[in-house]
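Before any comments, here is the structure.
In order of appearance the chains are A, B, C and D, and numbering begins at 1 in each one.
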């Protein structure tokens, strides 16, 4: 009798452990990564280094918020980087007319881009991969045309580079923007009615429809929000970099998807969250930073990034199967 | 009534590419007297050979309802491996190159079939991985070809016909034959068309899908060899963004991204159209700023049209149940 | 009854199949001779499709009883086994591959080939031969997507026939086909049988039985009622066997009479290809039943009312005013809610907790300050519903998917009532849930009616209709045939109208 | 339905071709699609009469990339400008960084019939076989010039001439400047990193080799202690990120960053600024003489940059071609002046830089 109870409790403990393991493994991974790096590289735990990490991942992080929303809605936005480029270009081009103008214009651009994607995917119901692949080209081309193909120098005035460089309480201003957008998106996704609707649509659009949720609007909304937040990040990009290349922006696409997927937001839709993306971002940032601290050649860094993405998804799939057991 | 309507529409749809090609040829030869010479016609084939070869594999993969973003990476990777190994002789290096490229396909296939990961993520990942590996192996410096005879592959000619033409013809006839006359090819349509009944008909979905990925990478590897032999250099940064172009060519050729329909004959037409578009740019001395846009517009139109057409067909499918 | 000197090709002996809470089949035994069409009839939920699914291997081997072919016991573990044994099932929805030719569909997966080269000419000729043999008038090199539903149906048969099929099973083959094509289909079936392949024919349409079947088996509640020669019976008799279940008092206490004021009024609702000229009215506190066979267009009607599909024509009046409902959110705002028959994919959101499912329709109510979801509010509200509808769940955070069918359905009902609707549309509310839960849900529905909610209940179970409803609409092939009052309702009368037997 | 879609497709293809028509000559903004469709007929005539006057000299220039490249874009503009001044028709193609595309475009250009061909190789080694093919096809009739980027090997008998900067020399110059600086400051040892251009570009390789050959010749190699070398692909932002990391990895140790061009130099300076360092605390440099760089030199963030004006670069290419077509003898290598801009002489250059890099509209 007693034995039995012991056995059962043991099983219980095992279950609890495994449940934790399968759901929180990313955090565990993060901790492991953190410790190993701080041992491996002396400069990892320095403040300067963390300032770097912040500087180098803010734009990515803010974009990741938008991408999370889109992916939860059972989509992916392959035109994200193109939108980033377009907004940045618009922004820089219009700076002569004053920052308010430039910023509003950039944000409007972002929203319009999101609207285009959203309309084609939500309303016309065209496949999201195709649409965003297409609009990616369109937006890039537009960016090149209005920039006339040349690199644009972001003006060095302080006002603007405040966001980029100025510090507040020892942290770059943009860190606060990053934090803010994570909080805001967290609230929108997990605390607001529309967030709930988005999850419902991502999980089961038919049921969502029966529940009186206008899924096509929700989807459209997700892409518009994405467009908007990309525009915001473009402002930071423009203020951080001395010079805007359309090519620069295009390098963000892969990273942003990696970050979101790494966090555990599933491409199958309806699963995930901002906190997960935050963890994903942290892992990604630390890995990237670690690789350069350990002076791993740039080209191998790329390969490693790719491997990480695949492993993350593979792991997530394996996880999904296991989670059903515990 | 419906039948007739369908037939006429099908006819028009079937002819659209030819129609466009003819239109382009007309415009080009009006604008440029020198266009209608054998050499300049042949040179078009010269230009599309890389995309053309890859498009065959991509078409077969697309028909099965899957797709592959890593072809560009595979192409570059193959080249790097081949040229790195050239000191060990033409045969060995070429063979290893091909194997290396095809291996990526094996990886893709396994991850998609066994790992059950979305093909998009898998191939996006492998694309990055193998471009990176290529850069690493080559110290991100282009590698010069050591064996002159290797250049003949892409630059030489047989009885006055450039190899590129010969190779294109061979691989397209092969592709056409496989798709039409082998079980491997026919199962492709079955899987893309209706997985369930394909499975019931005793088709091994996983195995087939796996091999479609392998074949796709194989053609990419072949293209890699051609590329390097044409420029007698190998670099991991070759063919930036080429994958989208290939997919666009296939889709333009009537292969649906949703699987189940299409064929290589359409694909070659698609490839030629995109190839001739480049020629248009040159002959009309297009302002550079609008070249990207024109390319973009074409590709955008292609993919959106495909999306809309297949949506239309899905609706028809539903109607049929009533 | 015994059939001497005639060997039984297929024998199914004491087949039983149980779903959680429901006995779908109870030792059903029958046998099939060569060269015969064997019809299986029965109400929805009588167990016909379960039987077929067992035979076609969909359920694998988790059932009781044994299957014999030519006296040999066989073991069907999956669809492939069944096919290899020559048991070919043709389902309602086409399984053909749309973008390839008829010939290839017929020979899919076993195209004639030499040295790996597919012999198209041979394939086409063979296909033509088969088509001619069954006198199907089609070109073997036609692309399937260019064919009509009926033509595709006949291709399916040709395909089934061409595989060295011992038995062909047809599940509602006529449901997707228009009247005029049915004749042709029957001709083909007869051909098939003449060529020595027996056919098991599942149908609602009793008329059809008499056109093609040799023998007919009547199922009810998973048991065999009768098994007879068609020549020795008539439509009325079959109907009599199909019905006649003791209704008992499983439907809870008698509800009060509905009030007089009309809540919903429908005038000539029409959706092309689905139903036409449906007119009825619905009173406050009334339960209006929608009876008829599957595919008669009952669900389609209420789906249109809820705005999930669009009406081609017709008007709706809610409490006198004309309304147009573009989508489900419109409907909800107009005080209509809808419970789908497809619980898994349309009613519950599987990835959501019980709580989230309960509150999804009334997010407005649980918003706190700043228009954010107030968790404590949500808990309170959800908790109230769990109590009110006595939903058995370990916790509010439990994923709804882990609940039993009955409790899931309760969640669904609670959810739909959270908007305090005037009109409640129920599509098969007790489908696939066990008897106990059924009773609870029935009493629940009545209570709602008493509270003055006007309810439309689509149900395929005649007893349910009779036991629950004040009035019942009977539909057949997209038309409203008759509206029964409480006193005229009897299973027989309803079924007669439903199957069009007079 | 399908029909309309088909038309959509056809029309768009037509548009993108007609767009090419109407944009061929006149540099006006792209009109909306519909109008262009209407324009079809007239547009064709335009090109016809353009093709007509055959006496006009037609030059083909194949560029590796144009858009989105800080140096190539102005270069492209000046190319057009010079051509207009000389009354030549010039056809410029953009290979989008792909050598195979470039070889195709070159063949297209040749097929169109040219008086002279100019190439800025996408890949120094890869271009060789292309040049050889063109040479073979045209039987050596067509003069071919490599501009700005040398082929590898630099000396080809198929190639008529090279015109442009001498990247190797630039590298040496920069090496010399640093060496002298250490000399006069009496610094015995300096910890440095090198941010290199896109791997495989001859400019990157030459500027690297030039630098190190020079310091070796001067026998001061040991003064330069190379901590790390990373490719930053000419890109400011990559250089910026890289520098930020270097600053944290090496901290105070890092005293100098050798950069292969202005773009990266600018990024480096931005990183130094953000890190709150003083101008000159970490020595760095540029190469090209872009306006931002020259300004940075003036502010003292950058020690020096090499003056390589795209205007001159384009001009020298065209002049060389002009000479060749006129039948004059030209040397194989035609180098342009590449003086160094430093704190001492920056004021003489700043206005010029302003003009060169901002006139592009």
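The working rule: a contact is a pair of C-beta atoms (placed from the backbone, for glycine too) under 8 Å apart; a residue touches a chain by one contact, two chains touch by 3 or more.
Keep in mind that what you see is a predicted model, and the values were worked out from it rather than measured.
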Checklist line | Least hop count linking chain C to chain D through chains in contact | finding: 2
Item checked: Among all chain pairs, the one with the most C-beta contacts -> B-D
Checklist line | Maximum centroid distance from chain B, chain identifier (CA atoms) | finding: C
Notebook entry, point to check: How many Å are there between the centre of chain B and the centre of chain C, using C-alpha atoms for each centre?
Noted result: 45
Notebook entry, point to check: Measuring from the mean C-alpha position of chain A to the mean C-alpha position of chain D, what distance in angstrom results?
Noted result: 34
Note to self: Using Cα averages as centroids, what's the distance between chain B and chain D in whole Å?
What the structure shows: 32
Next item on the list: Find every residue in chain B that makes contact with two or more other chains and list them.
Entry: 135, 140, 288-290, 292-293, 295, 297, 308
Next item on the list: Specify, in ascending order, the residues of chain D that touch 2 or more different other chains.
Entry: 30, 66-67, 231
Note to self: Counting only residues that touch at least two other chains, what does the list for chain A look like?
What the structure shows: 144-145, 148-149, 297-298
Note to self: Chain contact topology under the given definition, line, ring, star, complete or other?
What the structure shows: other
Note to self: Judged by the touch rule stated earlier, which pairs of chains are there in contact?
What the structure shows: A-B, A-C, A-D, B-C, B-D
Notebook entry, point to check: Considering the complex alone, what residue numbers of chain B touch chain C?
Noted result: 2-3, 6-7, 10, 180-183, 186-187, 189-190, 193-194, 196-198, 200-203, 260-261, 313, 316-317, 319-322
Next item on the list: Please give the residue numbers of chain D that touch chain B in the complex, ascending.
Entry: 1-3, 5-6, 8-10, 12-17, 19-21, 23-24, 27, 30, 44, 47-48, 51, 66-67, 76, 89, 91-94, 96-101, 103-105, 107-109, 111-113, 123-130, 133, 137, 152, 198-200, 205, 231
Next item on the list: Note which residues of chain B are touching chain D in the complex, please.
Entry: 9, 12-13, 16, 19-20, 23-24, 27, 30-35, 37, 39-40, 43, 46-47, 50, 135, 139-142, 144, 151, 155, 227, 230-233, 235, 237-242, 273, 277-295, 297-298, 301-302, 305, 308-309, 312
Notebook entry, point to check: Quick one: in the complex, what on chain C touches chain B?
Noted result: 79-80, 83, 93-100, 104, 108-111, 113, 116-118, 120, 145-146, 148-149, 152, 176, 273-274
Notebook entry, point to check: Can you list the chain B residues touching chain A in their complex?
Noted result: 111, 115-118, 120-122, 124-136, 140, 236, 244, 247, 257-258, 288-290, 292-293, 295-297, 299-300, 303-304, 306-308, 311
